[in-house]
Amino acid sequence: MAETAAKTPEKPQRKLKTRIGTPTHEIHRLLFRGKDTLNELVGKITFTEGVFLAVTGKLPTRQQTQILDACLVILMDHGITPSALVARLVADTVPTDVQVPIAAGLLTVGNKFMGTIAGAGALLQKGVESGKPPREWAAETVAEALKAKRRFPGFGHPDYFPDDPRTMRLFEVAKSVGVSGRYIEMIKLLETEIEKQGGKRVPLNATGAIGALLCEIDFPVAAMRGVAVISRSAGLLAHALEELETGSSWPVMQMVMNAVPYDDE
Amino acid sequence: MAETAAKTPEKPQRKLKTRIGTPTHEIHRLLFRGKDTLNELVGKITFTEGVFLAVTGKLPTRQQTQILDACLVILMDHGITPSALVARLVADTVPTDVQVPIAAGLLTVGNKFMGTIAGAGALLQKGVESGKPPREWAAETVAEALKAKRRFPGFGHPDYFPDDPRTMRLFEVAKSVGVSGRYIEMIKLLETEIEKQGGKRVPLNATGAIGALLCEIDFPVAAMRGVAVISRSAGLLAHALEELETGSSWPVMQMVMNAVPYDDE
Amino acid sequence: MAETAAKTPEKPQRKLKTRIGTPTHEIHRLLFRGKDTLNELVGKITFTEGVFLAVTGKLPTRQQTQILDACLVILMDHGITPSALVARLVADTVPTDVQVPIAAGLLTVGNKFMGTIAGAGALLQKGVESGKPPREWAAETVAEALKAKRRFPGFGHPDYFPDDPRTMRLFEVAKSVGVSGRYIEMIKLLETEIEKQGGKRVPLNATGAIGALLCEIDFPVAAMRGVAVISRSAGLLAHALEELETGSSWPVMQMVMNAVPYDDE
Amino acid sequence: MAETAAKTPEKPQRKLKTRIGTPTHEIHRLLFRGKDTLNELVGKITFTEGVFLAVTGKLPTRQQTQILDACLVILMDHGITPSALVARLVADTVPTDVQVPIAAGLLTVGNKFMGTIAGAGALLQKGVESGKPPREWAAETVAEALKAKRRFPGFGHPDYFPDDPRTMRLFEVAKSVGVSGRYIEMIKLLETEIEKQGGKRVPLNATGAIGALLCEIDFPVAAMRGVAVISRSAGLLAHALEELETGSSWPVMQMVMNAVPYDDE
């Protein structure tokens, strides 16, 4: 084959840039999302304010910060969850690099558990975009879902009934800092309609409530699962350190190995 | 082989427990490191205070929180770093699960870059444990390291000279909130001795300064790299979202492919 | 709340077992998918045969092995791809644990690139299940997809036109070992119909061909992406080792940093 | 600060290249480690031969392939290990992207378990480089280790005593294909000396034997852990698929949660 045939067809070069931050080699400036990192951010804002800035490009109001803090704090840990167990098993075999067990544990922050935050947020955004009166929208949405036997993201919990105490506390915090609005209203209407139309109570759980609260503070739906990721990274750090100190992986593995026998039938 | 030989030798069962948090199925209580999550933490503390609590089991003082916030904010991003590039490449191929690119990017928070925080912290802890007067300890430590041609964790930077502006800002923040002490003193003495004995200035960089500051607030050395992990998870969330929005991976890959040719010599 | 309310509702315990393999503590036997590992497998079968056994529970025929080997070999590497670049960037920062860069690189084996193997496989399975004559099925499927502006998994390539030479070689191998059948027939019919109905040629690419070949050897669709994962793990090992030896990450990062400037507009 | 100060200091550009493989955009050739991928490799070699080529740049002899196959087959699975449990927990929460649970599980292939292959290999390489007669080297090495209370990588097993049956089988395979040599001799001498000098038998385990065998076939020490990574990726694929089919994660998590209570003392 002729060498001249080897040329890659020209592709229009997209304009490459990032608006997140400057690299360290630009030694005359250190910017993060349009702010002077050293003079406007370090020592001036909390990490939570930094998270909001990172995602939206804007510094949050006091109310937005308080809500984001409440969400970040409540998601940090729930004891020995799949994410914690994964982090602990990996910490035991890679004890020298704590970022490895944390990263492994974070991989579990998928659709099944915390991904429902964004699911609830997206549903509420669609509701607002529909322009329908909230009560009408909720009634129609629940009717459709029941017909299609579809479950709602952010509703139901294997342990909490009739209410998820975390939901109640999150709404209490929202009220106390003066955050209220149509997203909270709409998700409560969904809860009411699910019970009314479905004939049994399915409580709004913590991830559903967080989805609504993050909508209220203009936190983008695409970034919502990231709140769980950041928050849980702190909880998993604690689990990885505890594992290195007290070591529970090995007895847990023995228990699991004995409980899950080999059976080739 | 006889079946009787198959029995696993008995092993003493370690007492298994976790002091991090309660699982959700304990519906009458929700505890995190000895605190009532809903009534003492959510809506009461910031996420940064939660991080300190997660790692140490104690709520921080106002000063400890301010220092930890400064460290978390300054480590959030440095533009297109290896961690950001990894997260963006993975976001492009796994666009549906934002935890996957974040976790991939966090794997790079290794010894080479941010692991030096803990290296500096450990060195300072050893210095304090030695019981020697700081100046004497610094002089001896530098002399030994120069002889062994060993580099110090937290010193030197390819771009910043003669000073790392981040170091100066971090120490300024520490001073303004009233945090000072032997760790800061000792790391500054190291910087002086390195220049004096080595004959050329090697500036204390941001990770070295963070190591000293985290020592000052009683943040354990084993958890120090975790500060970079938590902080960077927010920066990587921003990069993953930007990648999904504007897509820079493909042109970057084309550039890299063209710059790194195949050559089997 | 009364303590008595705290009990978790009883859940029926699923019968737990695994049919993959025995744990090492069952010292009188070592089984893998029903086979005696030491006496029937080690020294008796190739790794590729082991892969087939792992996934299907059956040892492959000679033809099945030859096809699986061809697929595993062809997917091993394509130079500096996103997976290779990710592995190299992580190898540079975690040089002590080669499994970490390999795992990071494997995370990119997502839907965008190699996931199309399973997409093509699933499409063909559906075609067979439809019971329609292949030509009719292909014509209808292409017509529907064109109408919905849907692209076919396993078709088209930015560089290869009018044919993907890898596809041609894979089909040549299939023919030479005597593997042919309705899946290969159907995917070729799709290629023909796409050109006929769409008015321009969109070549069947390597992942589409692999999807068809893996269908021919009864390799389950759910496991198809795994072939790319196993195969690429070998290529990424080579990249991680090369990175540790010759170090290309840092100059590549400098190039990328310079090419993607910070711009906050 | 003057803009002129902003220039990054010039750094000599390293010559960038890869000898692994060509990118797909070089449409006139497809090379992998100096071989023509389509004409010399696909349909001609097994995947195991490809692994050897990827790592060493050379195609293996028949003996080298047989040994590498035996090592890859024996490491594929050991039932519900930490790697399998991690993969299953992640599969349950990220069911759509099978590369994610496999990558998570591979992170556990660390120093504690399979990393000992490379440890044993490195020890033997050092022994050969010492130039000492094998028996003398083994006696000295064991004497030093006993004095320093250092354990040998690749020796001892919680379940197998007095012999690890996998070790015996691997050496049997080596003998049957005509592979023998100083590495096997030296590791057997170590086993003898450990028993003689230490006063109790510590059996050579499978990872130690694999380290010796991989030395015999000129497989580089730096790549040895990669054999476990590639091999285990197949076992973890099987576990991820079984998890998606039969779902054991949730009952296992319930058992573990109940077994590891929260206790803040």
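To keep things simple, chains are lettered A, B, C and D as they appear, and every chain counts its residues starting from 1.
Here is the rule we use: contacts are C-beta pairs under 8 Å (C-beta built on N, C-alpha and C of every residue); 3 or more make two chains touch, one makes a residue touch a chain.
Owing to the predicted nature of the structure, the values given are computational and were not obtained by experimental measurement.
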- By label order, what chains touch chain A and chain D together? B, C
- State the chain with the largest centre-to-centre distance from chain B, centres being mean CA positions. C
- At the interface of chain B with chain C, does the proportion of residue numbers present on both copies reach over half, so same, or stay under half, so different? same
- Message: Please tell me whether B-D or A-B has the greater number of C-beta pairs in contact.
- Response: A-B
- Message: For chain B versus chain D, what separation do you get between their C-alpha means, in angstrom?
- Response: 29
- Query: Quick one: chain B and chain C, Cα centre-to-centre, how many Å?
  - Reply: 36
- If you average the CA atoms of chain A and of chain B, how far apart do the two points sit, in angstrom? 22
- Query: Going by the touch rule set out above, which residues of chain B reach two or more other chains?
  - Reply: 8, 11, 16-23, 25-27, 33, 79-81, 94, 97, 100, 103-104, 107-111, 158-159, 248, 252, 257, 259-260, 262
- Would you pull the chain B residues touching chain A in the complex into a rising list? 11, 13-14, 16-25, 27, 30, 32-33, 37-39, 41-43, 45-48, 50-51, 54-55, 66, 68-70, 72-74, 76-81, 84, 97-100, 102-104, 106-111, 115, 157-160, 165-166, 169-170, 172-173, 176-177, 220, 222-223, 225-226, 228-231, 233-235, 237-242, 244, 247-248, 250-252, 254
- Hey, which residues of chain C end up touching chain A in the complex? 8-9, 11, 16-23, 25-26, 31, 33-34, 94, 96-97, 100, 158-159, 257, 259-265
- Item | Complex contact set, residues of chain C against chain B | 1, 3, 5-6, 8, 25-29, 79-82, 85-86, 89-90, 92-95, 100-101, 103-104, 107-113, 248-249, 252-253, 255-257, 259-260, 262
